[in-house]
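Heads up, the next two complexes both have chain A, just with different partners, chain B and then chain C.
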Partner chain A sequence: MIWKLAWRNIQGAGLRSLINIIIIALVMIGIIWSQGMYEGWMRTAERESREWLNGDGRITHKLYDRFDPFSWDKSFEQIPENIQDLVDKGTAVPVLITSGTIYPEGRMISLIVKGIPAGQQFLKLPTAVLADGGDDIPALIGSNMAKSSHLKEGDIVTLRWRDMHGAFNAADIRIAAIMKTPYLEADNGQVWMDLERLQLMKDAPKTATFIVIKDAGDVPQTSDAWTFESIDFLLRDMHAMMKTEKTYGYLMFALLILLAMIAIFDTQVLAVFKRRKEIGIFAALGMTQKQIIRMFTAEGMLYAVFASVAAGILGMPLFIYFGTVGYRMPESYQDFGIEGLSEAVIFYYTPAMIISTVIIVVVITAFVSWIPTLRIARLKPTDALRGRMG
Partner chain B sequence: MRKIYLTIIGVIILTALFAEYPDGNVILGRIDANMNARTTKSTTTMIVQTRRATRTMESINWSQGSEKSFSEYTAPARERGTKMLKDGDNLWIFDPSTDRTIQISGNMLKQSVMGSDLSYEDFMEETSLRDNYSAVVKGELVHEGRDTWIMELTAKKSTTSYQKIVLYVDKERYVPLYEERYAKGGKLLKTTRVQEVMQSGNRWYPQKILYKDELKDGKGTLFIINKIEFDVKIPAHIFSKASLKK
Partner chain C sequence: MKEILISTRKMTKHYPAGEGKFTALKDITLDFGKGEFTGIVGPSGSGKTTLLNIIGSLDTQSEGEVIVLGRDISSLTTKESAALRSRDIGFIFQTYNLLPVYSVYENVEFPLLLLKMPEADRKKAVTEALEWVGLTAKIKSRPGQLSGGESQRVAIARAMVKKPHIILADEPTANLDTENSMNVLQTMQNLNRDMGTTFIFSTHDAKVIGFLQRKITLVDGMVASDEINGAAG
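Presenting the complex of A and B:
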């Protein structure tokens, strides 16, 4: 009976009820939409990271730190035999890193030189172009690198580097291809060449800085010089950034929920005031104060329930569009070097995300609907019948 | 008559072939004696000539062997107060505009100093030629009006930055008037051209030097020594990190 009465009252409130339902629905759509964006962004970044550079993790030289240029020229060692077996099977890809300088159009640009086997298959890098070009040293760069260095396909540019002993060496390299990669860690400030060629240039045969592993379950025991870095470890900065982004998102939605709840609260306060005679009649007919409070609370909860349905109907086209077509961030965002933003972010919605959002909104709405009804508890039926608030 | 000419030409060729050149390593010792001192204090002007503009910077410099050096830029106003300290393998720069000291390392060492043709790692080079190279005199040449030995220097250790250097050394003053620095693979990387030489006591020293990174565009960087004192007493605190912020 309580739910029936609540439903009638909602109907009776007409436009006011409709506005409340739409406001709550919009907040729900916003929360689910943004959570879907963060989840999709994270998944895009993780997929790109796996496909382009990190596989299922890396066996990395213990001295290598990608943020510490100090470490680049001393963090390499001969590839252990058991890892070389994986490389030979095609389930691991060694990468050697050194620092260098190029001189396009007489300008000097410091960069990272990365060596990777031209014949590797499992990373998406188009390394086939690095295959021996005779006297030429073919090199591969990303489109961002090409843009910042003004290099084009076919350009010849002088590269200067130090070998493993510290002696300067220099040679001309040919830009064999410019790749479009969404994974900026394989693009910005670096040039790729064949691993054997770089080993020769560095006078460091059979060495690598890290070895990308196709399947983390395959990681063999290695000496203390190497350490395994899982994909979660490699993406830890991304996770940390996403956590911060989500926190900002939650704060924004807490604010929106607050505004929606003020509307509900206001509606309830007004309802309790306007319907004091009705409350008195209910009390006179034998309804307990608890039952009356429950009825008003049920009304509030019904707003949230209807809002959930409305959010499903109104939000579905939006969710489907962003879940299939995705959202491409403006070009300027790509300059920030944030992973996962170079290609369209396909939004990803999980059942847990949707259910938790509905539950949170329903519970908060119920709570906000319940607070104004506390006055009913202090109301005498006689006063209520006379239209007084006690 | 024809026989006489042929005989003269033959004698010249034979003389050239069997000419006794001095020991290159001895010459390197003489160059080191000229160029290196226990300590130096100098005021210098650096003129950076890029494709688009020319910038002039002045500095006061202190050095102790090849291990330690300290420079303070005094002009132009924009660079005034910028300081650079080298201590062994470490190099720090103090930027007064941010009041920060940063250590120059890794890739940053490859960057040019104030846009010049000199990189930070050039400052880190060993200065003793005798210790690092073995030299052979390959010939002689009149270079810009001075008689010079053409010398080819080969690094003694594989860790030396430039594995091959060619020098034109003034026969009388033992100052390298022209220098070519090569990459291991034979590519010319840098040249140094001494335009003026000065005498300080019994030591000859380059006064005006044009450094050129041969891989870069531009006219090179002109380095002028306005004043230099050798073997002066330098307080130890000059070469400390604390002096960067003073």
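Presenting the complex of A and C:
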């Protein structure tokens, strides 16, 4: 009965109801859309990270600190035998890291030199170009690196490095290919070459700094020198960044919700004031205060329910577009080096996301509709009928 | 002796006024019998609305006793008084007080929804009530599209649809022209005669007096006279 009456009131209020419903629907669309964006972004970044460099986690030398080049001189060791078995099976890829300097056109650029087997298959890095031998050493760099170092395909440049005994060496490397990778950790400030070649250059055969693992369920026991880093651990920076982004996002939603709620609150407060005569009539006709309050609250909830439906209908094309075509950040943003943004982000929506948004909005709308009705409880029917607040 | 539906005993109503209080009704002792068609007349401010509100349990007296349908209304909880209004008392107001967003049909249906009457019975009752007031052609209209006379007839249908024991009408003709006033009064009189519903209404409209069976005159919150009008009916 209460719902029937609430529905009648909404119908009766016509345009005002429609505006309310559309406002709430837009807020819901905004919330789901941006949540879909974050989720899609995170998934894209995670996928890229897995595909390009991190697999399902990696076994890393304990002393390795990717922010400390001095650690790189100590943080490699012979690949343990049981892990070498995985490498031979093709389910693990060893990477050796060292620091180096190149001298293109008289300039000096410090960089990270990474050795990876030219024949590896499961990481997306186009390492095959590293195999082709000859006199000079084929090297692979990313497009960002190419841009910042002004190197082009075919350029030959001198590389200086230190071997494991601390002696400096130099050799010419040839830029065999410039790759476009969305995974910037495989691009900025780095040069890739064949693992065996780098091992030779360092005079450290069969060594690696970390070994990328294809399947985390498959990680063998290793000596104390090594530690397994899960993909979640490797993605912690990205997750942390995403969390900050999301926090800003939530602040935005909070603002959006607030605006929508002000609109509803306003209508409801107005309703309680404007409709106080009506409330008096309801009371005179024998409605209890409780029923009147429930009816107003039900009105608010119905707004939210209709808004959910409207959001589904109005938002569907948008959701589908961004869920299939996705969104590509403008080029200028890509230079910030934000992971996962250099590829189109395919938005991803989860049922939990949608359901929680609907529930939150319905609950808040009901609450906001209910608050003003508390005044009704203090209203005497006779005062209400006179159109006065008690 | 007729069955007594409403009785007041030395009933007084004070309103707070500034520092002190204002006495709107003083020592009202009245009985209203079943099937009465009674007018409460008196100048503006004499306490007519206050009296009807108390009888209708929209308000409570300050002193004395008010018994409506066997219940002491000052002892009712808000829920009980709401139930009393929803089942047994119909209100008609000077300004009609129809629910503006509802259609005529929905306005008349409303009290039955509160009583949780099944759909089929509701439909029958609403149609019947609109027949009593001659407005079956307007069921889809909104109150805003009706004339004053039509609005008041919808209000009568809404008050009568649940077949209450008592109808309280506060100056029902004050906003109507003579023709519509006569029409509304005639409608009420017919319902009173055909259904035995007790009608108590306030008025200071001379045209109305001729319709009354009983005329209670209030002056300054006190009963100045209480006469049976032989010519009525």
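The rule we apply is simple: the second predicted complex is superposed on the first by the 389 of 390 C-alpha atoms of A that agree within 3 Å, B and C clash if a C-alpha of one lies under 4 Å from a C-alpha of the other, contacts with A are read in each partner's own complex, and residues count from 1 in each chain.
Everything below uses one rule, namely that a contact is a pair of C-beta atoms (placed from the backbone, for glycine too) under 8 Å apart; a residue touches a chain by one contact, two chains touch by 3 or more.
None of the values given here were measured: they were computed from a predicted structure.
Applying the stated clash criterion after superposition on chain A shows that chain B and chain C can sit side by side.
Once the two complexes are overlaid on the shared chain, A:73 sits against chain B while remaining clear of chain C.
Once both structures are fitted onto chain A, a short way to say it is that chain B and chain C open up an angle of 150° at chain A, using Cα centres and rounding to the nearest 10.
In the overlay built on the shared chain, the residue A:8 is in contact with chain C alone; chain B does not reach it.
When the two complexes are overlaid on their common chain A, residue A:380 makes contact with chain C while staying clear of chain B. Contacts of A:260 after superposition: neither chain B nor chain C is touched. In the superposed model, A:204 makes contact with neither chain B nor chain C.
In the superposed pair of complexes, A:358 makes contact with neither chain B nor chain C. Of the two partner chains placed by the overlay, neither chain B nor chain C lies in contact with A:279. With chain A fitted onto itself, chain B and chain C come no nearer than 71 Å, counting C-alpha atoms only.
Overlaid on A, the two complexes show chain B and chain C touching no common residue of chain A. Contacts from chain A toward chain C in the complex involve residues 1, 4-5, 8-9, 11-13, 277-278, 280-281, 283-291, 380-382, 385. Against chain A, in their complex, chain B makes its touches with residues 51, 105-108, 110-112, 155, 157-163, 183-185, 187, 189, 213, 215-218. The part of chain A that touches chain B in the complex is made up of residues 68-73, 99-101, 103, 105-108, 110-112, 158, 160, 162-163, 165-171.
Listing the residues of chain C that touch chain A in their complex gives 53, 56, 58-59, 78-79, 82-87, 89, 91, 93, 97-102, 106, 110-111, 113-114, 116, 158.
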